[in-house]
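Submitted below is the structure of interest, expressed as structure tokens.
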């Protein structure tokens, strides 16, 4: 587990204590902003990269839907310009510059401000967040890292006019972006589910530090996912139930489907968490079983051999043979054989005792109730 | 526990990330579709197998109630045809092709879309899902595996006009199908309950890896059942409370009974889960008790014999007998008997000490508070 | 723990899968029905046993309140007759024939159908259920086992006109029956509470298999009670809040008192459950403490004696005395005394080490913070 | 833990099963009733002890507020007289005679019936209950034990006209009584909090049976407190929100403050419970750590000494020295020194092995992450 | 863990039981009050320290917003004067003098009374509380300790007219103060998060008393934070939803942002708590793994060496060599070599047995499922 950098601590806030609300600072470690625009109608499409805020804003009104994407949040002045041009509340702008926001949907006047978590597996589970502004005929998205996002298939669909995204308004575009982020959670959970199955198989055959520590890592990731996705569920539900005309009732049906996916994701997370917790129990039960087995072996061994050693010690004593009362067995003709028989008798008694207790001879694994179900 | 195939991972989705919503792909590993129709009125019945979608749709309107059953979802075009002929929303069709949906009831215009989980015990607990479309005078059911479903008794009742199913509308048919799937959960839980009782008996007499691992398997199955049936409860409750006239108030009484059955199933699952968790506790307590017992035996044995061995070692030393200060006991007439008495005295002291501590002689199992209740 | 019979498995249903709803089968293992009637007004009373359904129904209308009690459910035709004569819905009749119903209150047209759990301690905790039909001027009760019910005091009160039961309607009679069943839960919980106190005392003085297994039995019984009584709470609450004029507002005050008793019962169950869970923790803590103590004794013993044994072994070696470098101690005049002193020194060092660690000499039970509270 | 008397079992009910509702039996073990009255206006006050119910009732109407206090509930006829004179519902009277009621507020016509738990530390935590009847211009309080209640400061305030109690109505008097009982919970929790801190300190330095058993006692007391105070919270909240004009809006502000205190008490109980549960975890962790330490010492000791003992045993064997192949070392000039060197080498190897494993030489307590926070 | 002083016990109340409500006592251990005023409009600002209550009250009405700050609560008469001058309810004044209030927002007539917890890390986590009175054009804040509060940046902003605080009313000032206290929680949680990460790393490499006890300390601090901040969440939510015109809808947007921060704080606390609990599980799993390892080493060692010691003991017995049946091996030419071979054979058999069991030779840490995720 690599030590996380300071600004990745989920409790870290960029703004100092007592800073005025709405203070906009560039996100630490983030790159300068690159702005890309997609403006489209059902007939035509305009695409440009590296444009300025002013140019992006100029497209709004000329096209039915404009999607402005901002990669990199290392430049506070760009955010200030967006605030001025598109009328975004300063509190929303402050939230965009802060990592570790909760997922949420907030209305500021006539725009919606939406925050969604995004995850990827780098070294460990890395989380980022997507901030979206939904206006009457535009959607603005803000992300920290430029490349490799999960929106390329969506862009291709817009370019090739696949599905309904070109035929509908900005609310459907917002839904499409949200849906793509939610769909990207499933492969993560598929991978976690496979890992848990592997651990399950491993726990049943051996105990090891690595299993415990990796299982802990999985539980920690599930905790991170749950913390991030739980509020998203509430937020999207609010969007579905909301009466605001900005979102058409037709899009609402699609949002309901998206909500349904988030509920399934939460379900999967909860199930994985319970499975992880069951696996810890299983580990402890197994560990306790094995300790019992180890101790049983030691006890049987020690208990069988210690009396024998005593007998040999007894006949190894050096009492003078002058007295007939001193160790007369040493002078018997069959003294050695007698001592061996004595040892055999003691061993047999001890083994019989342990056999009666069921510690030996009966396979403790035999005959559990039939394996299924 | 056989390794599950990839598409059985509950987090697996067939659609790639960023696919347009409503993309209909054939379910992986599924067979081509076979369509069966049951059209009936209170007087007459028409039954046909291997019909086409168009033929099935043609029956609707001619008969008061038509039940179209589709086995096998390996053919996307059949679903497309259903969508076109019966006016089913693409999102519903997409859900039909995806395994691992949550149970749900959704209204799409004037049809209801209902998803219910189905379970069977194959190698382990296998889950499937039944998708239902309830229209004004038709019910369409979609399942992955053709044979062996739990609807044969219902079909026989329709053929022989037993009960009220022929006398009522499509809503009662939908209820009858739902009721049959819910009734099929009880034998599963009966079997799990018996298994838990067997384990309970087993845990009290021995510890073993097999008990722990099988108990874990049962807990896992219960987790799967709970994840699947919990949303069904909400969904059927919504159906009972819904004011939609598609479902008559008379059928609503029957649905309330069905809801009551689901609540009982959830109750049984929760009770079994708590029992399973109690059994893990019991296992750990037993294991801990047995470890104590093992260690007590070892300690008593070692503590009794080690001093005796020391005594024999003492009189086995080879100090020269020239000096009267060296091991004078070896020259005593009754030296050997003295040494045996010394050992007996040491043993008696040690045993008295352990008897005082209650480790030996008092049966630790004697006299717990009277067995009941 | 005696193996329970199949039909006592709480997941067992009498009806086969896919049976038509409202199928009435005699309860397995149940005796034929015996019908008893109590018809009374504030002035007079009529009591008869072994009457037919028709005779029972004939009394309704002639008397202000008629109480029909049915013992034994082994005869489906009697239930069919009740259904026909008193207008009881088939789903209610089906529920009567099924064991393991949840407690509930349901309205079917103008009658209430009420299911309440009943418990008794036979071999283990046995549960049964009381089904009640509340009509305008009659109450019908169905039970499986004829004798020994908890209604005898109520019958005596009716016969002797004690309290208000003769002066009021069928709703008050229903309340009186419900109240008698709820009051019968208290002695059960009193007994369980006493058992837990006994275990608490036992756990503090010893560990044993019997304690663990009996404690598990108590927890299991509490689980059964909770599963049964929790829905009763909801059901009676619904009855209290219901606006149906069948139950007068005056009786409602009495039902509120009954609800209050059920809440107390649930409280007691929850408290007992938490106490049971605390006792398991206590058992594990004690067990762990005792293991520590056992191991400490073994370790002190072994660590003290093993070096001594080494010394005796050393001077028991048979190196030739020809060389002055070989075991010169053996030839010392005070060699033996020297060796004893060496042993004493080693023992003292070891004991000092353990005394420093606090393992010996300091009573580990001394001086915990003052016993109270 | 002294065995509690039968009637202290929280599940014990005085009334037999099937008794008519409202049956009034004297509380078991309770003393005869003593009635005290306080009648006061803002100008004057009348105080009397040992009065009859009739005399007490005669004061009502003559004075703005009359407080009737009844100590001892061993006399059913006194309760019957109260019922008749002040118009108290029989169900309320029955509740007064029963120990172990839940805290509640109930309206019976125009009087309020209020039950509050009272605690004191005698031998263990003893619970009692205060029953209050709030009428238009009177308050009646019922308690089991006469002396030592927490109302003496309130009586002094009334006598000396401190605060507002003389200037306001019966609702404010009721509030004052309630407030005094709630304030009395804080010292209990203060004491429990101190005990938990003491245990916390104790657990970190040693394990002992006494800690475990006393901690269990504290948890049990917290369970009792929680069971009693949780319903009080609901009850007082109902009183605050109630629209009944019997309680003036001004008194309602005071009741809100009282509710706030109860919420704080519940908070403290929950926090203490979680702390208690953390302490059990801490105990188990410590115990497990100590077992590891004990076993590590035993293992190091045994593993170091057992091979040495083997060597001494080897050279203590009595093989005939006739053969040059038999134990030639015994005849070496430096044989003894060789054997000692061999032992030293074996010991060094073993110790190096354990030092590599980190079992010895490195202080396992050194260098945990810096102590704070 | 330093023993906390009596008045820091969270259950401690200053007022004696039965004290009249609204009794104002100086807070124990608190210093005399120092009053500071900030009066400002958007154009001008007046600042003074050490003023009297009368002087402070005189400013109200002359300036749009007046912030009166009171440090030190050791003087009851100052609070009485505030009550009289600003019309503050006695119950609010009583609450101000009591430590350990729950966070709350209460309306008393036309002023709001707000209590917020404040934390700082001194020796351990120290909690204090900030009490605020929000009137039409004034805010009064009460704190116990004068220096080092988190409001200095806010004061600087007011002085320098940064942000909007000078341009808005008392509600925005109240928000600004609240926001500063909430922002101060984040560094605490950041520090706790880092500590947990350190412990996580530590648990994986060793067990120690220090880890367990420090982890317990962190859990305890989290418990304190949760107890304090949970009610704050409810309180601020009530403020956001409240319809009272004292708070403008514009300020409400800012309060919603503040509420969002509190929810994030709660989220972080819960996540840390679950992580802390997972770490305890991890500790126990590791501890159990290590015990198994220790015992395995001891068992292998003892089991290998004990039979060898027996063999040496056997051939160390002193049976008379007169009889050919007594220990003939001692007279063999290769007797010693034979005995060494016997030992080698026994050792090989034992080691093979343990190798078959997988206790030796196979690295138990090898090959867990691939480390990620």
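For clarity, chains are labelled A, B, C, D and E in written order, and residue numbers in each chain start from 1.
Criterion: a contact is a pair of C-beta atoms (placed from the backbone, for glycine too) under 8 Å apart; a residue touches a chain by one contact, two chains touch by 3 or more.
Quantities reported herein were computed from a predicted structural model and do not represent experimental measurements.
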item: Intercentroid distance (Cα basis), subunit E paired with subunit C, Å; value: 39
item: Distance between the centres, which are taken as Cα means, of subunit C and subunit B, whole angstrom; value: 24
item: Touching two or more other chains - residues of subunit C; value: 192, 284, 288, 291, 295, 298, 302, 306, 309, 313, 316-318, 327
item: Topology of the chain contact graph, where touching chains are joined (line, ring, star, complete, other); value: ring
item: Traversal of the chain ring from subunit A via subunit E; value: A, E, D, C, B
item: In the complex, subunit E residues that touch subunit D; value: 1, 3-4, 9-13, 15-22, 89, 91, 100-102, 104, 106, 108, 121, 124-125, 191-192, 195, 198-199, 202, 206-214, 216-221, 223-224, 227, 231, 280, 283-284, 287-288, 290-291, 294-295, 297-298, 301-302, 305-306, 308-309, 312-313, 315-318, 321, 327, 329-337, 339
item: Of subunit B, residues touching subunit C in the complex; value: 150-154, 157, 162-165, 176, 179-180, 183-184, 186-187, 189-190, 192-194, 197, 200-201, 204, 253-254, 256-257, 260, 263-264, 267-268, 270-271, 274-275, 278, 281-282, 284-286, 288-289, 291-292, 295-296, 298-299, 302-303, 306-307, 309-310, 313-314, 316-320, 322-323, 325-327, 358, 364-365, 368-369, 371-373
